[in-house]
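First comes the structure, then the notes that go with it.
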Amino acid sequence: MKLTLKIWRQENKDTKGKMVTYPIDGIEGDMSFLEMLDVLNEELVEKGEEPVEFDHDCREGICGMCSLQINGEPHGPNRHITTCQLHMRSFKDGDTIVIEPFRAKAFPVVKDLIVDRSSFDRIQQAGGYVSVNTSGNTIDANAIPVNKHDADESFNAATCIGCGACVAACKNASAMLFTSAKVSQYALLPQGRIEAVDRVKAMVRQMDEEGFGNCSNTGACEIECPKDISLENIARMNREYLMATTKG
Amino acid sequence: MSVFDSKIPEGPLADKWTKHKNDINLVNPANKRNIDVIVVGTGLAGGSAAATLAELGYNVKTFCYQDSPRRAHSIAAQGGINAAKNYQGDGDSNYRLFYDTIKGGDYRSREANVYRLAEVSANIIDQCVAQGVPFAREYGGLLDNRSFGGVLVSRTFYAKGQTGQQLLLGAYSAMNRQINRGKIKAYNRHEMMDLVLVDGKARGIIARDMVTGEIQRHSAHAVVLASGGYGNVFFLSTNAMGSNVMAAWRAHRRGAYFANPCYTQIHPTCIPVSGEHQSKLTLMSESLRNDGRIWVPKKQEDAIAIREGRKKPTDLSEEERDYYLERRYPAFGNLVPRDVASRAAKERCDAGFGVNKTGEAVFLDFSSAIERYGKEKAFTSGHKNPTKEEITKLGKEVVEAKYGNLFQMYEKIVDQNPYETPMMIYPAVHYTMGGLWVDYNLQTTIPGCYATGEANFSDHGANRLGASALMQGLADGYFVLPYTIGDYLADDIRTGKISTDSPEFEATEKDVRERIDKLMNAGGKHSVDYYHKKLGKIMWNKCGMARNAQGLTEAIDEIKELREDFWANVKVTGNAASKNAELEKAGRVADFLELGELFAKDALHRNESCGGHFREEYQTEEGEALRDDENFKYVAAWEYTGNPREAILHKENLEFKNIELKTRSYK
Amino acid sequence: MGGLLKSSIARKVAMALSGLFLVLFLFQHFSINFTSVICQDTFNELSHFMGTNFFVQAILQPILIFGVIFHFIMGFVLEIKNRNARTYSYVKYNGAANSSWMSRNMIYSGAVILAFLCLHFYDFWFPEISHKYIHRLPEDPTRYYEETVVKFKDLWRVILYVISFIFLMLHLLHGFSSSFQSMGWNNKYSKGLRGFTVAFAIIIPLGFIFIALFHYFNQL
């Protein structure tokens, strides 16, 4: 396959960036999208140019490190996968592919296609945990039965990989899906209920402070989420938040 | 060849840990506030250790190369975590878990450590449930278990196919709680470049801020290395792209012994390599072997026809197929342990029966399972005379319910429908049992430098059982290290803050800077990946699933040559004072190029076959591994001398007082 | 809009509540208007009641006006905040791939409705105020029908009317059901509710359009 890549290049967070066009040839359908970028980078290094920096690590869709806005969609045109699981057979010979970093005020560009998602960490630090000591002197695991339906729902919310596709897809760069997934995971479990009121307030406050936009229920986050995290989580967080604030 | 102290407590096996906890020194809470601990790596072992240390009151600094602690590669573990809870009432016990782990490790691990692991395993589950880890549950609301990897009980706790993710996020949440309290300071996108020793003790690290390129000095009273394994020495593995040996190897160069580097686990069910461009291998859960049957064609011409696309696997009749695992191991069949299954696949492919383009793949076929399940389903739903189509349809539904997500993953990568045509699989490097040598306290041979999780060597011997890596990481981090480290730190309560202005910090920083300069200014002929791929080829061909003296001898020289070429001719673009992925890779590959040589040396010296280490010279007539307990019942701990091939061997003899040494048989 | 509406979620809920209130009003407005197609007297009666009842005039009307203004101001405030949340926009943004046009363009459909409301106020509300409070003309319970119908003589106004209600439809198609999600209402009934809101969003604006066209063609 022969392709034209239009890639965002930016030296660091303080400099201005621009789109640069790279033609590339010899791409096979079996390559993953990131392997295609590897090929490009290998060529750039051969030429003595600086390769394109992008985040990636596990390359099997679970670590959440890879990002990329590909042709206007986070993780590219396919559903329920991350960029590292996108294969080049999803593109045609002669295609032009526009590759940009995830864009949000709360995700400043670090270099080229790498963004700083530490705002997500700070939201989690604000309350995304159960305050138990890690001493192991807890009660027996089976002393806390959990309704299977709730446990499964909680698990589904907990499968969020924190990649930021929800923010990237949202026209408002809102982090509601991400935040609500963590709020939901704990809200659905008896262990997490105890601190539910404080947790939702603290996490929403941090989310707002980080400069994410408001949710306007477009549903783009749910569609683009590689892990299929449901919008129900956002509704649940809204509900939890309302109850928490009205209770005081 | 010295005998050195592994500090195993005296007394009966089952009492050792309790006794040890009673005997070791403690640091009082007020003093803990004056003590700093550095944790390198934030996976299960590092994240849990950091959280617990901070909770105990120490000031903790964590370092990880990823943009968040949550990305550590522990996250990719699929199947589950073992714990001797005996919730199923099937006769599980600490001893049984201990026994299975020692046996699975082919009798090359330390009894006391493994028993302690089994002992604390139950605590892990309690802890994680209290933290809100959403394990799979039964309808009654209690925890569910599955069985795993050939053991005789159901002791594996799981969260669908994402157990590692859920446990890691649990540890990450515990870390977050401490970060929020100000007890942990997290340095993300920071890489440990070297270990700083002051008066022979580990007193800090030199780190590089990967965004700004800044070289930083960080001091502490102790340093914990939880930096994972070194599978990426093979270039292609199921490890994350960034997984590296730098932290462990730097410690090794500073005096920490490196134990059993040749023990590598090759996982039998991975998606085969599709071409030269491949960057990484993807694991398909071991659970697939419960229902899939592994085969290659009986006749070589059929294999060639399939490779060239002239025949389809479904064209071959039952008689034309060779279900080689069922043939060789009638008792365990497709469920033999990982090392055995991997070697058998390699044997068939080497003999010319491989089934994909490259000839390095075997089939994992679900058609029998589909038929069996289909019949069963039809029968139970009152359908006594189903047609073949109905059976297939019902069978596919059952298989989808069990393995749907894995089948989907396979289809995404390979673009073939595994319900219609058999999957192709091939073994891939997955886990490294070797690592930094540690004593019972998890301390390396450098005082004050500890190693936990995959980075140490201690618990899995020559082969790890499924669902045990998560158990070990969390056991070390939550329940072992935070206490044993107190024994060492108790002497440090009057030390005060460690200065980073000492000549030792100065000198180590200088070393780091020189090394970076050298990489940046090398000849500029070939990219870092060029060397990494070459190293990977040598490792895979000569130190892979089957090794022999000749290949290993060649490998030692080839790796040395490659390393010299690397330092002379590597090309690192960009500059060192900014984000530079090429420089990061170069530093890691440089260390792999040293480790690789030691790896081959270790494999060459171990004249036996055990677990993941298979020497072709040492096998039975039927091609099974031949262990030599008389001469090799020891841990090989290597001391760095400046040149990997001249590393000095220290032996820690393994004593088996509570278990009888036997030959593993799966016939 | 200080403390109470500081958080993003509180703002969203306020947006949803004011929107739902306006939906209720819209339904009420439609019901009365629709009587103009059926029976002139009923229409006059109802209009007269709404125009003179103390409760409606002194309490509901100010709430309504506050609701309208609040919904608009909050809409614009949120839009500005949301735009600021992405300082640097994408070169290529394929919103159509993951969300409906309506949901992404509430600000535009809202702005058209706002413009229409100005026309509507100019047409009806100002004359009404002037009738009642400036010129203090005597009460005439039968004037409403004529006053209303005469407005639909001009083709341009009818066209504007139709366009505006199409935008209202688009606005409601997203906004109505979305307001329940904002308030945390997403459960097994949501699918049914969604069906109802879609039906409402289509039928009510079409009804208004029908009324306008009815009177226009009646006067040709």
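By written order: A, B and C. Residues from 1 in each chain.
Definition applied: a contact is a pair of C-beta atoms (placed from the backbone, for glycine too) under 8 Å apart; a residue touches a chain by one contact, two chains touch by 3 or more.
Keep in mind that what you see is a predicted model, and the values were worked out from it rather than measured.
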Suppose every chain is reduced to the average of its Cα atoms; which one is closest to the average of all protein Cα atoms?
A
Quick one: which pair of chains has the most contacts?
A-B
Centroid distance [mean C-alpha coordinates] between chain C and chain B, Å:
62
Between chain A and chain B, what's the gap in Å when you average each chain's C-alpha atoms?
26
CA centroids of chain A and chain C: separation to the nearest Å works out as 37
Multi-chain contacts in chain B: which residues touch at least two other chains?
none
Touching residues on chain C, where the partner in the complex is chain A:
6-13, 78, 81-82, 84-95, 97-100, 103-104, 106, 174, 178, 181-187
Give the list of chain A residues in touch with chain C in this complex.
6, 8, 19, 69, 71-73, 77, 98, 100, 103-106, 109, 169, 171-174, 176, 204-205, 207-208, 211-220, 223-224, 231-232, 234-242, 245
Write out the stretch or stretches of chain A touching chain B in their complex.
11-12, 28-32, 34-35, 38-39, 42, 44-46, 48-51, 53, 55-65, 81, 85, 87, 89, 110-111, 114, 116-118, 120-121, 124-136, 138-142, 144-148, 151-152, 154-155, 158-159, 161-162, 185-186, 189, 191-192
Under the touch definition given earlier, write down the residues of chain B that touch chain A in their complex.
48, 51-52, 55, 66-73, 75-76, 85, 87, 120, 123-132, 134-143, 159-160, 162, 165-166, 169, 172-174, 176-177, 179-180, 186, 188, 211, 238, 240-242, 274-275, 277-280, 282-283, 409, 412-413, 415, 478-479, 524, 527, 529, 571, 573-574, 578-582
